[in-house]
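All chains are identified by letter, namely A, B, C, D, E and F, in their written order; residue positions are counted from 1 within each chain.
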């Protein structure tokens, strides 16, 4: 019995440290797909909110989207990891992300006694974005690659989110921005989470993925790099230690840390209670990206 | 030139009368389907918000939903006008209403310079509901008719909506409620609008439909009843003057008026600028349901 | 019918642009004298206030004052356009401006459903002023010309006016300042309006006069200069294109624009609904003085 | 030296008792006319405001008004002590009361370091009034006596005055009301002060007059009745002990006390520092009208 | 590792239930005396405050006081369990309770990262009290027994404490009241805690003692009564099951529960982490006194 | 009678000047010991608070402490005027200062109708301090002199005190600080008062002592220096005009003045009503230390 209480007491210093601090948590599509994991994680988010932190959730949803597009017999098209988004894709994106996933998350949170408000970047002009155009050199000429309705964040309107946080709501944000004419744009959720963390002056950005963190040896899950100053990232990329999908995640982390966020974390959603371990115990899990000492 | 200004001046007494007053406007599925009409109407809503009123939008979406279900090869099933809602239907409902229609409305408003926030009843536990069960007498026995995930409003949490109204946002609400366990329920949007109007102490409830109002002769669109005290409604129903889908609309109006809303209006969304005519000029259009004198 | 509504919709972008913005409007004595014009203009001011702008009125009153002084058999005396003000004149000034005109304006506004509060610079030490002394070279010697109780603005206390604006009142200000000993001073209403516009961080200063604007040819009312950057004003004065009473008006406009006011306007109060035309339609009337591009 | 400090200490219990309490002080025309007395009294009012009380001034101005009307060659006409007020009289009333006296009081207060705001009942629709019609029996028939633009108070809007009091301003109110159409009405300042005291939940109503209080023997200034429960007033009137102008003053006091004001005082403005004596020492001066024990 | 997190998750429903709720916790002298226990308990109190509860501490201090009085060679005198308090005793009371114990508690809380403010009932006139006089029948005559400077609570001023709670401070209150003349009075800390709980509309009153709760058999610590409706208490007293010092504790609990506090608890401070067990787990310890079902 | 009122009027300019201004008043142990003087002084402090100033009291208590230590047979030990403070001394310090003197002051203030809150630097981590170590050269070597639990101020948390001042409470502060581990430290009350004055942006710091001020001739009480710019202080010390206990007092005054406090005063508590004389009349008493002209 007493053991139980002792464990609560051990959490005290962490609760004190992060009390009233905003935490932007991005939950990747792989975890969202995994119902049991998602429920457990959202319960933990509600707990964090009750012990005084201010969690903001950003969700992806690529898998759900791809599945739905496939159902409709629509070929998936990506350029440099970015989904080419035509009007029909955008519509399905709204249906699946804003309509289904976002509300599913809100519903689970309500079910465990939390209060969440689901939003997209359209709501209250929350995430102002502009169309993203890739400029690449092909055969010695610069060409513009059109990705369709894909955007990058220009400005985050923090007022509404701060109101929600201060009155005890957990904002749940789908990765859709709005351009100056009120048109929606598909936004990658990793850089979106980074921009939110900056705009909200968050203490931490946590990217919940399906890998254990940044690995020294991509074949060895035990080779997680615990602490990574931002200056060391470029070396890891040049030496091909870090590759593929991890690169934009690290870029998002760097953007956040350079923008004033104290630390960014890349953790695995498969570790049970990973958020509690990371935020309420001294057991660091995954990789923490920080300013250079 | 001067004519133009004179017209603005004529609007003054109406602006004064409704300044700072909350107006719950329910836009029916037929109008939402009609893109040009919808855009024009939302522009008018933004104007109302700028001249000091506090509009709250509730949208239906039955048509969109039915169309989508048909696409999926799913038979539509209604009992007494209520859509029987199984889990799959609920999912499509989320996709189409919360995901597509709701965000489409928010997007159009953003495009004309307004600020809207799209919500469902799940967000912030806004619309607390419970499962609706019909009890009917069949062959001398009371039987319960299960409609699946269909609910009725138990309580509206007005705080979040009032915050949004007071900071200049236009709330746009999809007809989905949440039960005590956090599960979503399909809610009919007419009674939902009535309950919102009551909870927000709205001045008016306006149901925008595709008919000109309550008709004395259903075949004669010119036979609109301009003013209808609530005590006269039951006579109209008993004498079969009012039938079918108009009955639940009138019931919603009565519920609102009995709950303290000053007047409820049934108007046609096909009349250009119907909201401006109703609220900013002395030209009454459609049917106004009021307390008995 | 629909036409009417369309015109309202056309006003929307202007309403959006100026929503919540402070507008300092100086109404010259000639207009105040013209009862029908004044009533119509004040009705328009109330409309502006209801659609979300924050109008502040400054009134002159020289004509009324001169008429009253003549009745009392008192010779009128002006030096360089400034009224020499002895104690008796000051008393009549109070009676006519603070007592009669100011309250007449407040009364008309109340009569059309607005809420105004009439103030002089004495109230709440609103307009702190100091005695104005002209120093002129006469016959090679500098002489001081005593104008009596005439002052220039030193400091505007914006708090009280901002409170009134934020709670929906229209401040109506008579051109009387107060010196450090609490004594009233006669202040010219054009520079006073400019100083108020600066202190209140107003969006616009509008001088309502009895001429159509700044004219290229003083004999041709159609020769109004629509847009006038402040750098071009001195040329107009040196070339004697602008003369007489228009010079101090232009100086007030320059003072406001240099102090951060976006634009100053010189318009004719004889144009019906001139304020609505200027602020709610795209029809510019009169002369707009702006920063140099 | 020490004596001085001791006297300050003696004021402490009175300061404590009335700290934060609203005091409505009506200054009669005889005192206003007396420049030295007025200045001294206003200095005392500023002192009261600095030691934490919330004084509200109401001024009369009949004498000034009559003098001015006589200058204009206009006959004065009174019915039952009420001034018959035609349009011309109303205009002079505005000039003299709102224009001259009110601003003179504001100016004197500014001169001794206080902050006053001069208002009439028109400002902010402060004093809503309706036309007063006397109904009298003449030769067995009821006749209506028209007094012209004379009104009685219907409603006091306390919000603006409370704002001014809470931010340290001293409101100075001229006895002019406004009817539902925005037209000014001449209001008797004694009942006006009583209604203000009620609406502001004042602790005290103080009528500063030119008599020492209510006298048992009108020829003996030493026969002041110190304390007068409201139930004894009617006896004094019936027995003709109290006559003439004192009767409406007593009626105003009764109205205030019955409306919740703790005590009403009738004091002489000729007693130096009468307000300080009444409010900051235990020396009661004049007559105090209170609830019955 | 995961075990740890699971335990935190189990605390969630309790944290949710008591979030934002005020808890008045009285720590008896025996526990205060026991340094290690006290430190552990205060750390738990800080934890409760960080997870969103609002703890208010009331401490006794009889033992410390008696020890000090004995040191001074002063005989201890009690009547019916109440300490007879002469002036010298009162002085020592201040020294030991307000000076030593209170500040020691504040200091320990600061040492574990909490923010406490130590107060007596004198501070801000927090606990208004009046002298307590016992009236007893002796030999057929009523006699008054003078206890000296001993008081009972008349009124608790909740404003200051609520400010402290709302800004995250933990109020620590020594059992000293103040009478109308500003004189301190010795107050028994059990009824004081009950009155505080009522005035602060606390959710719970917790009396931390050195016994395990209310026992059915005073010699058997295992015979704790878990749940005790207030109606059953008198029976326990009449049947001599409850005796001595437990009686006033139960009376305090009844007073609190009848005054609107949801439950009162009598628990043992010797149970490690008793507050956490009581408030954050489903393990009830000690006796819970509640309203009758 | 009138004389009395006149004296009140004379206080007006001083009340105006210091209205809403914070005054830090340190009352030395000699005055605290003198019951009649103390009571009179606290009554004056309450008066100052009622006329709109914001007094903050800091008290010493060395005499009481020494007396108590002597009673316990404990030798007193001072180094350079600083009391060497072992654990036992610290405990007695708490008992005497926080327990007895502080609450006695609060009690007297309550008795004359004021509202005080007694605090030490522990409360709300009000006065963050660090251990003070003297470094002195002895026989050519730097040695550290350990004073035990003696500290110097590092940071004052002004929020709680400002809340108390703004809601009308008089903070009464005992000279005890708290280090980063939550341990109390004995702080000299003169520099503490100076740091409080700086942190609270006080208008004045007033040290109430038992000497008439800074004397030119220490044997001649009439040789008080009225005004002393801080630049002249070092000369006075070098020329041995100022010696002993006056030096640290002057250093505290300089620290305050250099930190933005307008003036620091050294006055005698034996002058009756010295605070009123200093703050409410033009009779300067004692020495005023100011910035250099």
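Basically, a residue touches a chain if its C-beta (ideal position, glycine included) is under 8 Å from a C-beta of that chain, and two chains touch if they have at least 3 such contacts.
What you see is a predicted model, and the numbers here were worked out from it, not measured in a lab.
Chains making contact with chain C as well as with chain D: none in this assembly. Listed here as common contacts of chain B and chain E: A.
Relative to the C-alpha centre of chain B, the farthest chain centre belongs to F.
A rotation of 120° superposes the C-alpha trace of chain A on that of chain F, rounded to the nearest 5. Once the centre of each chain is set as its mean CA position, chain B and chain D turn out to be 55 Å apart. Inter-chain spacing, taken between the CA centroids of chain A and chain E, is 47 Å. Averaged C-alpha coordinates give centres for chain C and chain E that are 68 Å from one another. Distance between chain centres (mean CA atoms), chain A to chain B: 36 Å.
The multi-chain contact residues of chain B, meaning those touching 2 or more other chains, are 112.
Contact topology of the protein chains: cyclic, one closed ring where each chain has exactly two touching partners. Begin at chain C, move on to chain D, and keep following the contacts round; the order you get is C, D, F, E, A, B. The touching residues of chain C, counted against chain B in their complex, run 1-2, 4-13, 15-16, 19, 43-44, 46-47, 50-52, 112-113, 272-273, 276-277, 280-281, 283. The part of chain A that touches chain B in the complex is made up of residues 91, 94-100, 102-104, 106-112, 115-120, 122-125, 159-160, 163, 167, 169, 176, 178, 181-184.
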